[in-house]
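Each chain carries a letter (A, B, C and D) given by its place in the written order, and its residues are counted from 1.
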Amino acid sequence: GCGAGADKKEEAGGKDAQDAFSIAMVTDEGGVDDKSFNQSAWEGIQEYGKANDLEKGKGGYNYLQSANDADYATNLNTLVRNDFDLIYGVGYKLQGAIDEIAGQQKNAHFVIVDSVVEQPNVVSLTFKENEGSYLAGVVAGLTTKTNKIGFVGGIESDLITKFEVGFIEGVKAVNPNANVDVQYAGSFTAADKGKAIASSMYGAGIDIIYHAAGGSGNGVFSEAIDLKVKNPDRELWVIGVDKDQYEDGNGKTKAGEEFNITLTSMVKRVDVAVKDLAEKAKTGEFPGGEVLEYGIEEDAIGIAPAPHDEHLSEEVKTKVAEYQEKILKGEIVVPTK
Amino acid sequence: MNLNRYMNLLIPIIAILLGLICGAIIMLVSGYNPIAGYSALWYGIFGDSYYIGETVRQITPYILSGLAVAFAFRTGLFNIGVEGQVLVGWLAAVWVGLAFELPMIIHLPLSIIVAALAGALWGFVPGFLKARFKVHEVIVSIMMNYIALYVTNAIIRDVITDNADKTDNILPTASLRSGFFENLTDFSRMHNGIFIAIIATIIMWFLLEKTTKGFELRAVGFNHDAAHYSGMKVNRNIILSMVISGAFAGLAGAMEGLGTFEFASVKSGFTGIGFDGIAVALIGGNTALGVIFGAVLFGGLKVGALNMPSEAGVPNELVEIVIALIIFFVAASYFIRLLLFRFKKEGK
Amino acid sequence: MDYVIEMLNIRKEFPGIIANNNITLQVKKGEIHALLGENGAGKSTLMNVLFGLYQPEKGEIRVKGQKVGITNPTIANDLGIGMVHQHFMLVDTFTVTENIILGNEPKKGISINLKDAEEKVKEISKKYGLSVDPSAKISDISVGMQQRVEILKTLYRGAEILIFDEPTAVLTPQEIKELIRIFKTLINEGKSIILITHKLKEIMEVCDRVTVIRKGEGIGTVNVADTNPNELASLMVGREVAFTTEKKPAAPTKDVLAIENLVVKDNRQVPMVNSLSLSVRAGEIVGIAGVDGNGQSELIEAITGLRKVEGGTIKLNNKAITNMHPRKITESGVGHIPEDRHKHGLVLDFPIGENMVLQTYYQQPYSKSGVLNFKAIYEKAKQLIKEFDVRTPSSTTLARALSGGNQQKAIIGREVDRNPDLLIAAQPTRGLDVGAIEFIHNRLIEQRDNGRAVLLLSFELDEIINVSDRIAVIYEGEIVAIVDPKETTEQELGLLMAGSKRQKAGETS
Amino acid sequence: MSILQALEIIIPTAMFVAAPLIFTALGGVLSERSGVVNIGLEGLMIIGAFVGIVFNLSFVDMFGSATPWLSILVAMIVTAIFSLLHAVASITFRADQTVSGVAINFLALGLSLFLVKIIYGKGQTDRISVSFNKWDVPILSDIPIIGKIFFSGGYVTSYIAIIVAVVVWYVLYKTPFGLRLRSVGEHPMAADTMGINVTRMRYIGVILSGAFAGIGGAVYATIISRDFSHATISGQGFMALAAVIFGKWHPLGAMGAALFFGLAQGLSIIGGSIPFLKDIPTVYLLILPYVLTILALTGFIGRADAPKASGTPYIKGKR
């Protein structure tokens, strides 16, 4: 009786909708605990689940991990088969799979995170990373002592360009003399490349590096920490990305003194957006076909809040607030390309 | 003779059983329910027409990458560069699929052929360097993998698209998608590529076992000197072997580009199809029929594994472990032979 | 009773075959004891049992009267048994000294004391007159030299009983003479020797007693003084064997092979063949005599297209084949029984049947439009297997599983069957028993009688003199003399080969 | 940027990128010299990285700044034990060595991730807090120019890697053990007749390869990635394998090859900061290390022969 899945689903779907609004997500290759957007999305889903007294599993909330590109569609379909009411595809890589499956499974509802799919049953959830990066750029431009700043990207793409461009704009806005050196690791998983690039950047006098390189960024942190241990007097910083990466910047000097080199992080609150959308959909307001852009205004983009703003001077904090205001008011439009 | 045949069949079956038993023990020890785990696995492979379709979809490129590795092995070469050849084949297929407007009868074959040619070109480099400069094919192919990864990414980003992460979808005239299979399997991505994979298997078997060219390629693989002595062109055959192997790999890429995905995307790492192809070929004893067997086993387990975390809470890495153990047991068939031998003796 | 070695009623089985069945071998102290038998009779197996590489199913071994269990070579070494194997057990990339001391290295601290080791090697080599260069690499020294290293290995370990498995099969006449001298030194030093050889002449010359085995069974032991080669041969084979090959006088006609001023270099770019000229006519066998390393191999590789020709011409039936691809040369009518049958002659992992069409697989009837016709291939294979008495379980058996003699017969069958205008036979009988040798010689002569040209390369002067119609002596890459076998002696040939007498040069200038 | 400045960046980069490769490649050399092909280096590195990180995370409170050293030691031991699987399969059970190596790669990844999930309940570990420090070599770092380029700001593990390479060379070429190990890889039957236990020597070769690859993986994870996930080791083992072949199965050659990879990597990174190279597309810099390797191989390294018996199981009495 397995072949009759399609019919069964519709019945079950109807029943399900009455008791609980269940949600689930499919990760990209990064996995559910990538300390980045997958993890953040999962946190949002968990929060929603707890708030609504749901259990992990069918009929509640769940996630499926993809080991590679080919798994996205299988996982999405599995969730459709498990009758989840709202299915998130996390990461721009799932765009193709969602587009296709949404066309086939017209009764199911999907959300694509970080990309756009034009289908009536899909909501596209994107973020204004350029705005957050702009603020990070403001911080960097004001904090740098050497006027040399670095940007390390993962793989060149539209998405990462948004980070790069926004960051450079931010730096230039407050410190036209500062120079931003841009390098790409060619991968989101090559920590050795990240470390080597960081080594060359810090070696050339750069004192702040903003990374948008996922796992390759691990290498940036390790290089910065090691340089700090070697020479505790040197001021050098890393700006984290996606999540508050404060913890990743912890280190200990030879003398046993603890320090932290995460200047700030460009935080992208996927969790906020994911939960927000789930709540909306639950009450029947699923904005199918729309592209939702979450930014500073929606509290979904920004730099790491207190207490992890300890490295920022009051002056910097004021300036950041100032520019944030300008962006909100539309006085500044941060480019994406 | 007869006994040998029976052994050759029995050994992989015993290897699979042993692998599964070890997997069950691991599940038990780490607090999972092996029965639930394996039923989830089973369901994920055969449970539903959708999953069967997906399994076939996964098997398709595995057959071709397995053939690529096996073909090279049979001719004395280790093509560890299948991964890179898959990538360039994938890109080439999509490129042709996007760039031309042609009737399907021309467009689809053209896309497939160009993919094979691209893979062949990528295989040509290590083949040529080995023939001409005696450079070890293993290093060159490892390097070619990385070059393929970065070059295809750059082409997708800067040449085919304007700094996008993926290309548009190919035109329907170049697609391997099959409405028939989609209906049959409830929207799985099973596509017509499976026919190409099967045809390629037959070609490999026929070419290697039945033709004079195959005779030459095998002779060169076993003994360069004797092949040279008997008037074969050794260098040309080395290159040809890598080219054919690369072409199979390019086809595997076309399966992904024209069938499963219908687009090419920027990749952060390797697809795994090429590296898994090594295991597929080796499980299959580097024969054409064996490759099919290996691909079915491998593709089935990989697709089924996706169902294990959600249905049974078992991490899908367990399947990776089981696959590894099966490969071990197949490799150490001497051990199984010994076991069987002892078993028989005691039985008497 | 002063037997140093007694192997009593030894039985050794391999799956499907009894290699040694109830064989007894008793060796006296200070004697050279020959072990004689056809290819595959079980000689190597018996010696491997004595050396601890195989465990016998039955029987007992005594060393100096003591019953012993030899379960591995280390024990054999400790008992004073050393073995020089049929196929040398030397690590090519190591030096002479390293090979000798391996497993028994003199140490200084944690490292090898190479200086001590070389001293010791020099000392032993001086004592037994086995001169070697202790620091030379094995891959750089001649086969004869390698054999000395093998002997030194056993002496270094203090061996009292030395086993030699076909030591002379790969040696030149000079080297054989040298080896025999060494045997005598060893005996004088109180050692005992077991010698496996197919060469009855050698047995008659150096041995005291001889044990004959046939098809795994011990036939008996006789005193050499009380026997003769004919008797030994018939004991071994079980029938009468003819020693000198019967043949009619040659009737040569036109030139088939004509070589002029040929120059060929070896892999290190050293000229090995220097403006060599030679012709072989239809209906004759030309034998090339020479000491190993005088350009023989390069000459043959040049003719067959396996090596580049630097200068001069090679003509076959008046058409130049210089520097043509091996396939073209084969097609022009050259057959080649290669010197190294494992390297060139066979694809060991192919069935013997497929090896039979190694040069012709692309022609009708073995294939048609690129597709092989296995029926035709195996029909041909079966025909050749029968015709040339190749002993193999079936035509689908891998070539690897055949004994050397049978592999050789298969190659000869393949080459002769193509009826080439020129048949090149390089060392065609190396390592084969007298029965097989007789068979092969007859085949070569048959080719000649059919009006083919035959070029024979051999280090066995016996063979050269017996089979050839003309003998060309090669020295340092040149033909220094052409002699008539009926009018020459081994003595004279030996002198020519050593370069001390240049007949042709003397005549022309 | 002056040449000197460039060197000050390229050389230290080369040294830390190369260190894990050197260790692992030395393991590969030892295994292949004993006659066992080891394509499982990647998997062995994974185990080393996994154990190194897990040990570090678990025992950092107990051992403090000695933790990185101990975690490398433990990674070495555990990986050596893990490599026994390859040894048993390919030596005792005469498995095809390539197949067994491929299985090692699968098993290592599957097992380590499975265990991470069981231990930590998630797909990757936390970051370690104590690693090796950057370090100036006493005295040598004070030498003008050279001191700055070669001896300051590196990691002690890089220097250890180079020293170990020399030690391995010494052991392999100057000691009885090395002679025996190599003889077993060239001509096992000859070794057997000389009373050398072929099986034992090969086991030692494989176990050493496990130990060294374990160190390599642990060094990589401890210094570079500082956590363990599915992507921590992705291809380094294959690069080490390439270094083994590139270095012609010689310890110093393998070290040189690994350093060459590091140099090429450094060069590709420096390229992004050199003004006139700045405008060339990133992809050329990304593929530079691999293209350079191929060119080096074809240009001047040329042919190399593997140990003769490498890849073939030794069966007593078989000819």
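Throughout what follows, a residue touches a chain if its C-beta (ideal position, glycine included) is under 8 Å from a C-beta of that chain, and two chains touch if they have at least 3 such contacts.
Since we're looking at a predicted model, the values are computed, not measured.
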item: Relative to chain C, chain with the most remote C-alpha centre; value: A
item: Geometric centre distance via CA averages, chain C-chain B, whole Å; value: 47
item: Between chain D and chain C, distance of the C-alpha-averaged centres to the nearest whole Å; value: 45
item: Chain centre separation in whole Å, for chain D relative to chain A (CA means); value: 34
item: Sites on chain A at which at least two other chains make contact; value: 65, 156, 186, 189
item: Shared interface positions of chain B, touching two or more other chains; value: 150, 153, 269
item: Residues within chain D bordering two or more other chains; value: 231, 234, 282, 286
item: Pairs of chains satisfying the touch condition; value: A-B, A-D, B-C, B-D, C-D
item: Residues of chain A that touch chain D when the two form their complex; value: 31-35, 65, 156, 181-184, 186, 189-193, 195-197, 199-201, 203-204, 215, 218-219, 221-222, 225-227, 229-230, 247-248, 250-252, 254
item: Chain D residues touching chain A - in the complex, by the definition given at the top; value: 1, 5, 8-9, 12-13, 16-17, 122-124, 127, 129-135, 153, 220, 223-227, 229-232, 234, 236, 265-266, 269-270, 272-273, 282, 286
item: Partner chain C, residues of chain D touching it in the complex; value: 170, 174-176, 179-180, 182-183, 186-187, 189-196, 308, 316-317, 319
item: Touching residues on chain D, where the partner in the complex is chain B; value: 85, 88-90, 93-96, 98-100, 102-107, 109-111, 113-114, 117-118, 231, 234-235, 238-239, 241-242, 245-246, 281-283, 286-287, 289-291, 293-294, 297-298, 301-304
item: Touching residues on chain B, where the partner in the complex is chain D; value: 26, 30, 78, 80, 125, 129, 133-136, 138-140, 142-144, 146-147, 150-151, 153-154, 158, 269-270, 275, 278-279, 282, 315, 317-321, 323-325, 327-328, 330-335
